[in-house]
Amino acid sequence: MSAIEISNLSFVYSPKTPNEKQALKNINLSVEEGTFLGIVGATGSGKSTLIQHLNGLIKPQDKKRMSVVVNGMSAADRKTLKKLRFEVGMVFQYPEYQLFEDTVAKDVAFGPKNMKLEKDEIDRRVRRALEVVGLDYDKFAIRSPFDLSGGEKRRVAIAGVIAMQPKILVLDEPVAGLDPIGRKEILALVKKLQKEVSPTVIIVSHNMDDMAELADRIVALKDGEIIADGTPKRVFCNRRLIKEAGLDLPTATSLTDMLISRGVKLPNDIVTMAELARELGAALRRKLSVSASEEYEDREDFKEYDGGCGSEYDDRYEAGGCEYGEASDEGEERWDGEDENV
Amino acid sequence: MSDFQIEIKGVSYSYPVREGYNVKAVKNLSLNIRKGEFVALTGMNGSGKSTLAKLLNGLFQPKEGEILIDGISTADESNMFEIRKKVGMVFQNPDNQTVATIIEDDIAFGPENIGVEREEIIRRVDEALEAVGMSEYRTRTTSKLSGGQKQRIAIAGVLAMKPDIIILDESTAMLDPNGRKEIMEVACRLNKSGITVVNITHNMEEAALADRIVVLRKGRIAIDGTPKEVFASGLIEACGLTLPPITELSRALAEEGFVFDGVVISDEELAEGICRLLK
Amino acid sequence: MFKDVAFGQYYPVNSPVHRLDARVKLLLTILFVVSIFFIRTYFGFMLTAAVLLVTILLARLPILSVLKSVRGILLIVAITAIINLFFIKEGEVLVQSGAIVITKTGVHTTIKMVLRLVLLISGASLLSLTTTPVQLADGLESLMAPLKLVRVPVRDIAMIMSIALRFIPTLFEETNKIIAAQKARGASFDTGGLLSRVKAMLPVLIPLFVNSFRRADELAFAMDARCYNATDKRTKMKKAKLGFGDLAAVLFIAGYFTVILLERYYFPTVGINIDVAIFGGLL
C-alpha cells in the first residue's frame, strides 16, 4: 500500500500578481510505506512547498485536478485534516526555535494534548518519546527547554513530534547547524525512529553524502519539477542532470569520477565512501592476484559492474527527464524507485 | 612590536548561566597568529570557539590574561573602536546582522559609524561590493537574497571598515553547500590579498582549506598545527570532531593495502596513492 | 494567516517621487494627512484622490501595491462604517426595520468616513513605499535635530525605527514558520471563543518573543562589532540635497492644501455646488 499518493500537483505563490512564482509543477509521486525517501534540490526548488502539502499546511490549489492522498486521507479534506496532521509528523528546520512551554515534558505533550488523548496515555507517550530520542525522562522532564544545549533542544523538538506517533515522519534539514557529533547522533536517531516509530521517513537535505547513505529512494527537484527519481545509485548516475539542478554529487561519486578520469577502473555508480573503499580494495586484490599469475585478459568482470550505470541507462534517464514537463500521462514511462511496482 | 598580529596571553573567560553558576568557556588560553595567516578555529559545540572570537575584537573582555591586536590591548576602553576597526567580524545568522534594508546602506553603516568622509564611503562601498562579487546588487533590498549572498553582504559590510583581520564566526553554518562554497571562495581571496582570516567552523572539509587549524576542547587548545599535522594527531575524535571524508577514506584504503604519503587531505594526494598501485 | 506584509515595504523603482528628499516627503505626508480632515465635500475627496493618483503615477507604483496597504485596515474601515451607518439617526430615513434605522445623513457620513480612511492610509503608505527605512530614519533624525539640544537621543530613536522597519518582513516570515510548526502538532488558531483563541496563540507568541530577543542580542553584537556609537561625528553616505523636484513637490501639495482650505472656509458653496451638479438628487 502506498503511504503517499500525489498527482498533478502544481502550486503558484501569489498568483496573478507581479510576484507570482511557480513553486511546484505537475508533481506525481507515490511513496510506499516503509520507504526512506530523500528529497533533494537547490534552495528555492520547491522542497518545502512540497512537504507542506503532505499534512495540509498548504492545500492543493485546484481540488479537481490535483490530489494529495496520505494513508487514504485527502489533504484537501477538512474533516480528516487533524487526523492527517497527527499521522504525518513534521519536523521543520531548526525545530528548537518552536519550543514554548516552561518544561520539556509539557512541550512534548503539546501534540498528544491536541490529539485529545487521556492523561495517562499522554504521560506514557511523553515518557516514551523522550526515551526514544535519548533523553532521560527523570532528568529532563521538569527542566526548561530554554536551558538545554542546542543538540538537546533539537531532540526535545523531535520528541514533540514523535509523541504523536506519526506513521510518516518528515524532517527538513534535521542536522542543519549541528557539529559533527551532533549530526551523527541525529542521523542515527532518524534511522532508529524509522524502526521503532514511523515506518515511512522523508528527509529534505542538501547533504548528498547523507542521502546516499540513508535513503532507499531519492527525488530530485529543480524549479518545482521532479527531474530524477529512483535509488541513490540511479539518481546520481546522471551527473549532468544533478549539476543542472544546482546539486552536488556525493563525495564518493565525485572521487570515483576523478579516479576514473585518471584511468582507474571503477564502476561508475558508487555513491558511498564504504562502497568506494570496498571497490578499490577489490580492485587492488585483483591486480595483485593478476600480476602474481601473470595472467592478462580482458577484464570481463568490469562490464558486469557497468550495468548499474551504463550508457543505455543514462539515455533512458534523460529521456524520462526531458519528457517530464510536457506530457501529463507519462506515468508508465516514468522512472521510479527500484522497490516500486514489485 | 612583536611578530604577531594577534597575541592571546593566558586568557580566561567565564559567563553566568544560572544564578551562582558560571561556565568557564575559555581557560588560560594562549595563542599567537601572524599577519596574513588563514586559521581555522574549530571544536565541538561548547568548546569555547565562539567565545574566543568575541574576545578577539573586544565584544567580550578577558576575565584573566590579555589579548593584543597589533600590540594594542582589547581591554583598553579608549582603543575599543580602533580594535573593532582592525578586527572585522561576520556572524552566523545572515538575517541578524544587516541593519539596513538597502544593501549599499547596510555596507555604509560601519564607515558612517567611524566618521569616514562621504566620498570615501562611496568608494569603499564600491570596493567592498566588488570584492564579494555583488556589485550589481548595490541598490537592491537584502531580504530577497540567498543565504550565501546575505553573508557576502555581511562580509562587504566588514570590508568597508578596512579591517586587517576578518573573523568568520560560524558564518557558513546556516548555509547550503553552494552558499558555503561562495563564502569560502571569498575568504580565500581576501586572505590572498593580505587579510588575516580566522574561520570558526566545525566543518572539517572547510577547516582543511586553512593554513593552520587550532582545535579547542573544553576551553583549551587541544591541537594546533597544519591541517596534515592536526588530522594525523589521532586526537580529532577525542575532541568531538570527525576527519574530513577524504581523510577517513584514505584510512579505510590503508587497511585494504594502499599506501599514502602521510595524511591525505586533498583529492590529488588520494588519487596519487591509488594510481600508484592500480595503474 | 499573514500572507502579505505590504505596509511598510519599500517598492524599489527609480522615480521622481522616490528621489525626493525624505524630510520633504515626511512633511508633505503630514500636510496631506491633515488636509484630509478639512475635507467636507465630495469635490474635496475627488480632488484629493486625483492628487494621490497623480503621485502614484509619478512614483511608478502599481496601484495594487497602494491598495494592498488599505486591505490591512479593512476591518477597521468596516467597523467604523457599520457604527456610522447604524448609529446616526439624524436626517431623512431611508430604511427602517425594527431597531435598524438608516438615514441619508448616515449613508453620506459613512461614505465620507470610508473615503477619508482609505485616502489617509494610501497617502501614508506612499511614503513608506517610496522611501527606504534608512532614508526615513535619517529624515526623521534631521527633522528632530533640534530636540538633541534637550538631550533627546534622536539618533538612537531614528536607528530603532529603521531597524524595526527592517525586521518587519523577517519577523512575519518567522511567525508563519512557527504557526506552521505548531499547526503540524495539531494546534488550531481559528476555533473557539476569544479567550481560547488568545490562549491558542501562546505557542506562537512565546517562541516569537524568545527568538526576537535572541535576534536582538545578535544584532547588538553585530552593530557593536561595526563600531556603532564610535563617534559623535557620524557621517552619512547619502547626503540629502534639496533639488528642483523637492520644490515642485512642495508647490504641488501646498497648492492642493490651499484649494482644500479655500474651499472649506472662503468659498463654501463652490464645493457643494459641484457636488450637486455631479450627484444631484443622491445628496
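As written, the chains take the letters A, B and C, and residue 1 is the first residue of each chain.
Everything below uses one rule, namely that a contact is a pair of C-beta atoms (placed from the backbone, for glycine too) under 8 Å apart; a residue touches a chain by one contact, two chains touch by 3 or more.
Quantities reported herein were computed from a predicted structural model and do not represent experimental measurements.
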item	value
Chain labels contacting chain A and also chain B	C
Pair joined by the larger number of C-beta contacts - A-C, B-C	B-C
Chain A and chain B: spacing of chain centres that average the CA atoms, whole Å	31
Chain B and chain C: spacing of chain centres that average the CA atoms, whole Å	43
Per-residue multi-chain contacts in chain B, two or more chains	none
Contacts with 2+ other chains: residues of chain C	none
Contacting residues of chain B [partner chain A, same complex]	17-18, 44-46, 146-147, 173-174, 176-179, 202, 204, 240-242, 245-246, 248-249, 252-253, 256-258, 267, 270-271, 274-275, 277-279
Chain C-facing residues of chain B, complex	54, 57, 59, 81, 84-85, 88-89, 91-93, 95-102, 104-105, 108-118, 121-122, 125, 139-141, 143, 154, 157-158, 161
Chain C-facing residues of chain A, complex	14, 17-18, 52, 55, 57, 82, 85-86, 88-90, 92, 95, 97-100, 110-111, 114-115, 146, 160-161, 164
Touch list for chain A against partner chain B, complex	42-44, 147, 149-151, 176-182, 184, 206-207, 209, 246, 248, 251-252, 255, 258-259, 262-265, 273-274, 276-277, 280-281, 283-285, 287-288
Residues of chain C defined as touching chain A within the complex	4, 62, 64, 177-178, 180-188, 202-204, 206-207, 210-211
